[in-house]
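Both of the next two complexes hold chain A, though its partner changes from chain B to chain C.
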Partner chain A sequence: METPREITFLQATAVLISTIIGVGVLSLPVIAVKAADSGAPLLTFLGAMIALLSLSILAALGKRFPRKSIIHYSEDILGSWIARIGSVAIVLFFALLSALTAREFGEVVVTSVLRNTPLEVTVIVMLVLTAVSCRNDMNTFSYIHLFYLPFILAPGLLIVALSLQNADMINLLPIARVANGEWLYGSLTIAALFQGSFIVTMIIPSMPRPAKTLQACLLAIIVSGGLYLLIVIATVTIFGAEETKLLIWPTLELARMTSLPANVLERLDILFLAVWVTAVFTTLFSTYYFTIHSLSNLLRLRDHKMFSFFLLPFIFVLAMLPQNVLDTYRFILTIGLYGLIITIAYPAVLLIIAILRKKREDQLDREHAQESP
Partner chain B sequence: MIGNTHRSHLNIVFILALLLPILTGCWDRTEIESRANILGIAIDVVEDNEEQYESKLSHLDHTFPKPKKALIQITAQIAVPGRIPLGPESGSSGSQKPVWVLSTVGHTLDDAILNLQQEIADRLFFGHLRVIIVSDKVAKQGVGELNDYLRRNPEVRRTAWMIISNGKASKVMESSPQLERIPTLYLSAMMENAVLLGKFPSDFLGLFWSASSKLGQEPFLPVVEVKRYENTEISGLAYFHGDRMVGVLKPLEIGFFMAVKGITKGGYAAFTPVPGQKASVLVRSRSRSTQISAVMEHGRPKIKLDIHVEVDIVEKTKNTGSLNRPGILKEISAETSRHAKNTIENIIAKTQKDESDIFGFGEYIRAKLPDYWNTHIKTKENWREQFKKLEVDIHFTTTIRRVGMRLG
Partner chain C sequence: MSMWQRFKYRKETRKLSSAKALIGSSFSENQRLPAKLEETLACMKETFGGTDDFKTRRFEVFGRYPAALIYLEHLTNQREMKEDILRPLLQKNAAHVESGSVDRSELPELITNDILFGGNVSTGNKYRTLVDRILDGQVAIIIDGLDRAIISGSGKVEHRAISQPETEQVIRGSREGFIENLGVNLALLRNRLPSVDLLVKTIQIGRKTRTKVAVCYLRDVCNPALSKEIIDRLQKIDIDGVIDSGYLEQFIEDNHLSPFPQIQNSERPDKCVANLLEGRVIILVDGCPFALIAPAVFSQFYQSVDDYSERFLLSSFVRLSRLVALLFSLIFPSLYVSVISFNPELIPTEFAVAVAGGRAGVPFPALLEVLIMEVSMEVLREATIRLPQQVGGALSIVGVLVIGQAAVSAGFASPITVVVIALTTIGSFATPAYDMALALRLLRFPLIILGGIFGLYGVMVGLILIVNHMLSLRSFGIPFMSPLVPGQWQGMKDTMVRGPFWLSPKRPELLHPRNSVRVGTESQSIEQPPHNTLDPVSVGNRRWEDSDGDST
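Showing the complex of A and B:
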């Protein structure tokens, strides 16, 4: 099954960045601070490194099988039946991830902005919007991501820069020697926030130069991890570790406390939420797209469009499973941690077996690369 | 053919159906006139048991474990739509008051607010809440419960100010200063200007909350008092032990407290006796710079303060000799430093007695000496114990740079 190779390096990077930066931005600081107090920035860095590790595994796999998505090449590596179990797990996990993204989005909106709107309405509006967008092909998919990227990054950086007026650097110390740091658990939960980047396995077959995947991944982690790190630093310097632990959405509080100079805007949360809705949309768009794309790959279908609305009710029901906001977050953390088995351990096993069994399908491309350096 | 037209009709119907959701309005729409914008709240303890005034709203008799504390009374200032002047006042519309002051009672803040809502037609809106005035009596019992409500409410801004009133809080709310038509806006402008003038450290609600959460620090709040001409004065700084107010610093002490905290903008002036003369000069701080370091000495942590203040002489009393004499400025600055050091020592001793580390020395020890902190302190309670015995080394220097436009 040949897909047209038209996703450029920049587009691939943009897709990864805007997929990673998503709904988790709001609760990221509190997750990091709960695990490591003032060591939160270091913890975030470690989390980003774990994410980079998982991406480089996926990039290495992608280099070996440049024309196939993970659903297809896992069958070559493991044999079709075992691989199909893995693929079903991937599809289920990303369906769940999409559902929880939509749910988390709904919780924030209903608690802080639209307090009279029913949760179901905000969730379903977001899901319908995503399902409609998912009827596009891969090319449009990457264009949409590239288009929204500046709108996610620029205001995010602006808010961090402006908020630092109330910063107290003493809050960042000690960097590592904190009393009860749960470094391993903490950095894994942070790495779980980067899991959307798994969709790189879907992009690689559409890239004209799959060998450059690793560079795209590296750049994506630098940008998204850098923004995450800045947000954590800003939150911890401004609130202090202990206060951050009391906030469900510290990043939102940060925006609420920050004002544009000269009282142009007295609080930036409206601007921030507008940005954030975009970021949530791009993340949801990616995970939803990945779900239906993988499902159609698994069922050997040519086109994924038929699934975009077919899956909607299932994802909506999944999103409605948690009973309240605290439940939702317990769900998200647990699912995220178990997800690491699918997004890191499974590809690692695939890679090792592929190396042992000397499976690779990139001969054609390598010869091609040698001909035209 | 007939089938085709039928299908195209169906398509049109379908497209129209898709457009339907666009026609609906916003779910959370509220018109600005139908919202009761609360600008300020004052919180008092109910003096004589006014329980009879409490309506049975959030609870029926004896159906919930009643808080042990006395009832609180809230006095809210609500903006009257259309009467808030935008820009300078024009003509004689002065007879209509732009705000409506109401009060209710309740067991907790939300209880009182529910009671208030019951008495008002429009939905209460806290997005414009600027000032929360808490009477010293309430503050001495603890402000934790009040803050719990304020933290949970997504409309309340962290940039609002919480202020302690010396005496009844409702009196501050009812005072009507002449400079602004809306008393709470005057109060919030007063606090913001005090920060700009170097009269008070920046301490809005968000900072107060952060300070009260920190392990090695206690929060503080400004204290105001209503004066003769319905004006309000920043009459001190209330320091806390957890969420309970335990003492007050005098206004001049606030200046020295700010010096310890290293807040650059100086705004206070103090009389300093001129050495060798029966006279004094008024010196005014221009800028301060402070270095706080935490060191280990004999197995115990110690705080070293290095404070440098640049001052101007703004006035001298009648019998003072010429300031032109070489060396005299140096003597005066040495005298100023000595006085300042004494005052700071007093402030520290006073707060140590009440176990209230408003300076955040504990935060320095947590940050700079993490090994000591992790083995010996760890919790807020332990730090309070340690703070009582904490040794603080003060090194205070003053430089006089300017004496104004007059020679001699």
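Showing the complex of A and C:
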């Protein structure tokens, strides 16, 4: 591939965390509450567990094929043609995911900050920003994620911490409302918010020690899932389940409710949204990068830079498909659920077949590891 | 023009532009000196093209052998030539001459070993060496009948005294700065680092100026690949002249299009020595008081020498304030523009009212207002640099009055804008490195425009673009944002704050030094000083007949 690359454990974790935490945080509480009312925190937890399951499948696959991305090793496992269909599906799904991320954030910006700006402009600004950044190599990719990590975590934690003064713990009860058929559906929807973590298949080949992937995944799920959980808890305790259902972006409302002590700034939500651009950017950056990287892998190209602007118009058109905000969210939920087939079921099938066919390529690495402990 | 003529013409021009042609073409590359004085002199005269400062002084060695001194008049140390070269050669009653046994072929050895006083004596038998030495300011002695010339003496160029560096002022620390003379600068470095491990490699760059460039590094610290790479990059430079170290910087930097400097420059010998000790390479250029320090990462550009001379707690505080100033100079005006034009509800109501009141008489949108003020500030700043010092004061008074007071009362700008611009300008002055401050000054303008179009969203997008660019920059392979971003804990202690010396006992690993021990393990730690020598309770106190904590 390109120059020898090394992504450390810390960088891998940062990539996963900042990919997972994205624009989905804004609407997460309402999705959770709609499915499970006051059981939303528990539901979020279950969703995170499902995400962890999918990540551990990917980590296991990565451990078996430490020098290849999913595009390459799926061909070894399934044979080229079937695998290529799967890979095309992955590329399409991630292109769609990038488009919807850009669209969702564009909607947020147009609705709450730049009311007179056309939606197309905000979406295209975000996409161009990402496309420009995608021309970097894998090392810079991980540097960018590592650098933005504090700017992604800090505002979320700050909002939660500041808003808890209005919290009412009674709203959390009952923790689990039994006999509601939406549990599985709900937790799957939450798990779909973690789908960006599929990117781990791209970074494993660049890690010097792929065996540590699982630890990185675990840490990433703990941090990002923890933040999700905190935000859901804060929203439910403050607004209550029924009130939350009426909001589109409860997290933004949460930020609007809070204010800094001594009234330094009147409204925090705008500042929150501004800093949140980094979170959206990193998510979009990951999915976009994954799209073009997988596409160039699929076409056996050495360099992915060519695609960064080539794909831009297609992704823009995809982003413009939904009619309005509500339509966008219908799209996101549907695509997210079907995406689970690609991000969970497909790797699981790959893993099972790999075990059955006894395909593995880590012998060399294992010997290497024994030589230099 | 026929084919043949064209070919001939091209051959001619190529000959003219080749290196040989630069110093006259009256001899070929390796031509040796003839054993005839007149012939050599004629050839040299032709080579120097009848320039008026080329001097010939004819005399007879020991009153016997006809000879001549040739030199460039203003480049040579005249006193040394007179006392150490001419006087001993003109002696007629020297012992070995009296005996009359001197053979012509033994003459060069006799003169170099017994007669000449100067320390710098050599012989040469090629025109090329002769010309080069003369251009260096040495004196060539040509004796009739000998096929080699004796070269002695040294050039003497007047240089100013060592003075305080103008660009990098410190409160506490050395007052010495580099000057234009390479020899003096190297002496300053050597004097502070008297070690056999300090290597100085000299290369000449520039087809015409043949500027001496010294590459200095510590043999046992600096990564050998780094010094080799720097020398390689320097040797590839092909330019007619090197006037300043900035020329070299632009040739050897990694990314030519980036606004950020990837090589640091400094006027301070102490800073250079500190960087040598960290494993960096110093490039000194003759005729330029600025040394280049390579490679450089972002954190270096807001560090100052006195950060290390003050105690760590205080210098950490100062460094943090410098970082705030740096951030101010980059984003403050764009934040102001975006908040005023898009989200005035962000700021507290009372203040918003005051701002709106101030802006009431201003006809322009905030974006335009800030841009006008910023541009006039840039003009004012540039003018203050170029003006002679006597007028500079007057200009700044005019500037303050015009920009500050009159612009507001003329309804040209609101008072709050003036405050913002002033803070920004002061912020950019607080950045110790001028080139970094310049980069941030430049990047401020696109940010202001983005902020004026897209509000805070635009400012964030611009910042993300800038930061992404910085994260992708490399200086000789080192990530520009290191040690912060690849996550090297050792180096991070000296990034945002300045960690105490005992906390960072190793050299920063981002430079991959050969030897990483900086502070010995036995050094002082914060817990307890080893002896409370002058503790009033214990100093020489004798209690119950035994000495309790004597002060040794």
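For this structure, a couple of remarks:
The rule is simple: the second predicted complex is superposed on the first by the 365 of 373 C-alpha atoms of A that agree within 3 Å, B and C clash if a C-alpha of one lies under 4 Å from a C-alpha of the other, contacts with A are read in each partner's own complex, and residues count from 1 in each chain.
Methods note: contacts are C-beta pairs under 8 Å (C-beta built on N, C-alpha and C of every residue); 3 or more make two chains touch, one makes a residue touch a chain.
As the structure is a computational prediction, the values presented were derived from the model and not from experiment.
Touch criterion met: A:166 reaches chain B, while chain C stays clear of it. In the superposed model, A:174 lies in contact with chain B only, and not with chain C.
Contacts of A:243 after superposition on the shared chain: chain B is touched, whereas chain C is not. Residue contacts after overlaying the shared chain place A:355 against neither chain B nor chain C.
When the two complexes are overlaid on their common chain A, residue A:326 makes contact with neither chain B nor chain C.
Of the two partner chains placed by the overlay, neither chain B nor chain C lies in contact with A:154.
Of the two partner chains placed around the shared chain by superposition, chain B is the only one that A:256 touches, whereas chain C remains out of contact. With both structures placed on the common chain, the touch criterion links A:117 to chain B and to chain C.
Overlap of the chain B and chain C interfaces on chain A comprises residues 113-114, 117, 266-267. Those residues of chain B whose C-beta lies close enough to touch chain A in the complex are 26-28, 151, 154, 157-159, 202, 206-207, 209-210, 213-215, 360, 363-364, 366-368, 370-371, 373-374, 378.
Residues of chain A touching chain C in their complex: 8, 10-11, 109, 113-114, 117, 122, 125-126, 129, 132-133, 136, 139-140, 143-144, 146-148, 263-267, 270-271, 273-275, 277-278, 281. Partner chain B is touched in their complex by these residues of chain A: 38, 111-118, 121, 166, 170-174, 177-179, 238-240, 242-243, 245-246, 253, 256-257, 259, 266-267.
Within the complex, the chain C residues that touch chain A are 342-343, 345-349, 454-461, 464-465, 467-468, 471-472, 479, 481, 484-487.
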